[in-house]
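Heads up, there are several structures right after this.
Each of the two complexes below includes chain A, the first together with chain B, the second together with chain C.
The block that comes next holds the complex of A and B.
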């Protein structure tokens, strides 16, 4: 693997993990009765930026390196399911994460000016929980894929 | 200092902060709640302990994923499929889920405290042991038994502290 590709992989993983962490902190605040919506909103937008960064870097890595150098090794190894199931699932489910993150960020902007809307707070918390679960599942799939090489 | 040494230090500091803060959060809560009243000052002390605990979890998660990247880039990927590694990941997931359920008030505090304290020590023990012959299921059974034992012990300690004092 060349150095630029290694850097892309590092950026993909670390930005994704930090984004998942930010959604976790945002959810912890959204579960409070009176969250600091300015803080939650900043977290949500930062998570969106990091997820888009993680998305873009992984896309380049996948197209230019994974398909030709990694995928054949996994398919020829002991656990081809790591690609056939986990990578195939990960690469499709991961597509919805930035859109989930965008929806959460937009909800938090609305909540900043409508702080009494408890129903929206709960719905946003649920959406953030979904994003957190999808993010965690994506990260776990990534580890499984790496372990199958 | 090499990158791997820096990551080890970060990982150890995260574990020390997390295990230490979880221990003291439990000690403080048991002491503060012995009169059934948690004052504002006591609440602030507990909040500080929880902040330190979350800082530890953050350092642990970042350094943990940096380790994974290091192993991936150096092609030492055997660890990524080991049972103790996945048990540790599961326990970290339980820690995060437990914190969320406590915050949402859908987890009883007594159960949440036992889960939190046991999870931090279980992660520490798995980190120290490293490779083990136990399967993933066996490790999780030991972990579940440890949670029950810690929960019962904490309950007994709290009952003792709440008992009327003999004069």
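The block that comes next holds the complex of A and C.
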């Protein structure tokens, strides 16, 4: 692997994991009766930026390196399921995440001026939970794929 | 941005995200089932994954902007967000379920 590809992979992993962490903190605050919506919206917008960064950096690595250098080794190894199930699922469910992150960010901005909308707070918390679950599944799959090489 | 304008964006983006998530699930499973579709994605976008991402982005942008321009009154934003969350969960489970069934 070339140094630029290694840097892209590191940026992909770090930005994705930090974004998941931010969604986790946002969820914890949204579960409160009176969250600090300014803080939560800053977290949500930061998570969106990091997920887009993670998406962009993974795209170059995945398209130019994974299919040629990594996938054949996984398929020929002891755990081909790492690609057949975990990588295939990870690469595809990840496509949904930035759209959810944008929606969460917009909701938190709206809630800053509508702090009495408890119903929207709960729905946004549920949406954040779904995004967190998709993000955590993506990260866990990435760990399993790395371990299969 | 006014409050009513913001609520329209919240609604539009929620619906667009739900539609995009479900469309992506259909496209992803469809591309696995139909080699011609996967081949077209690869031929058009260099890689099938890039094609799915690009088509998802385009669909999301078109649906969000069209819904935003249709400036009807927005009520019950929480229902839109709940439906979006359920659609995204269903799409993710459908994708995972499809690849699990082909293990």
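Throughout what follows, the second predicted complex is superposed on the first by the 149 of 149 C-alpha atoms of A that agree within 3 Å, B and C clash if a C-alpha of one lies under 4 Å from a C-alpha of the other, contacts with A are read in each partner's own complex, and residues count from 1 in each chain.
As a working rule, a contact is a pair of C-beta atoms (placed from the backbone, for glycine too) under 8 Å apart; a residue touches a chain by one contact, two chains touch by 3 or more.
It should be emphasised that the depicted structure is a prediction, and the values quoted were computed from it without experimental measurement.
Novice: If chain A is used to align the two complexes, do chain B and chain C fit next to each other or clash?
Specialist: fit
Novice: Based on the superposed arrangement, let me know which partner A:52 touches: chain B (first), chain C (second), both, or neither?
Specialist: neither
Novice: For A:62, is the partner it touches chain B (first), chain C (second), both, or none of the two (neither)?
Specialist: Touch partner of A:62: chain C, not chain B.
Novice: Going by the contact rule set out at the top, does A:89 touch chain B (first), chain C (second), both, or neither?
Specialist: second
Novice: Tell me the angle subtended at the Cα centre of chain A by the Cα centres of chain B and chain C, rounded to the nearest 10 °.
Specialist: Once the two structures are overlaid, it is 140 degrees.
Novice: Give the label of whichever partner, chain B or chain C, reaches more residues of chain A.
Specialist: Result: the larger residue contact count on chain A belongs to C.
Novice: If we overlay the two complexes on their shared chain A, which of chain B and chain C does A:123 touch? Say first, second, both or neither.
Specialist: Second partner only, chain C.
Novice: Does chain B (first) or chain C (second) touch A:110, or do both, or does neither?
Specialist: The answer is second: A:110 touches chain C but not chain B.
Novice: Touching A:149, do we find chain B (first), chain C (second), both, or neither?
Specialist: first
Novice: Taking the superposed arrangement, what is the smallest distance in Å from a C-alpha atom of chain B to one of chain C?
Specialist: Value for chain B versus chain C, nearest C-alpha atoms: 18 Å.
Novice: Is there a shared patch on chain A that both chain B and chain C touch, and which residues make it up?
Specialist: Looking at chain A, the two contact sets intersect at 129.
Novice: Please give the residue numbers of chain A that touch chain C in the complex, ascending.
Specialist: Answer in residue numbers: 55, 59, 62-63, 67, 81, 84-85, 88-89, 91-93, 95-96, 99-100, 102-103, 106-107, 109-110, 113-114, 117, 119-120, 122-124, 126-127, 129-131, 133-134, 137.
Novice: Which of the residues in chain C end up touching chain A in this complex?
Specialist: Interface residues on the chain C side: 3, 6-7, 9-10, 13-14, 16-17, 20-21, 24, 28, 46-47, 49-50, 52-53, 56, 60, 76-79, 81-82, 84-85, 88-89, 91-92, 95-96, 99-100, 102-103.
Novice: Would you tell me which residues of chain A are touching chain B in their complex?
Specialist: Residues 1, 6, 9-10, 13-14, 17-18, 21, 24, 27-28, 31-32, 79, 129, 136, 139-140, 143-144, 146-149 of chain A touch chain B in their complex.
Novice: Write out the stretch or stretches of chain B touching chain A in their complex.
Specialist: Touching chain A: residues 58, 61-62, 65-66, 68-69, 71-73, 75, 77-81, 89, 93, 96, 99-100, 103-104 of chain B.
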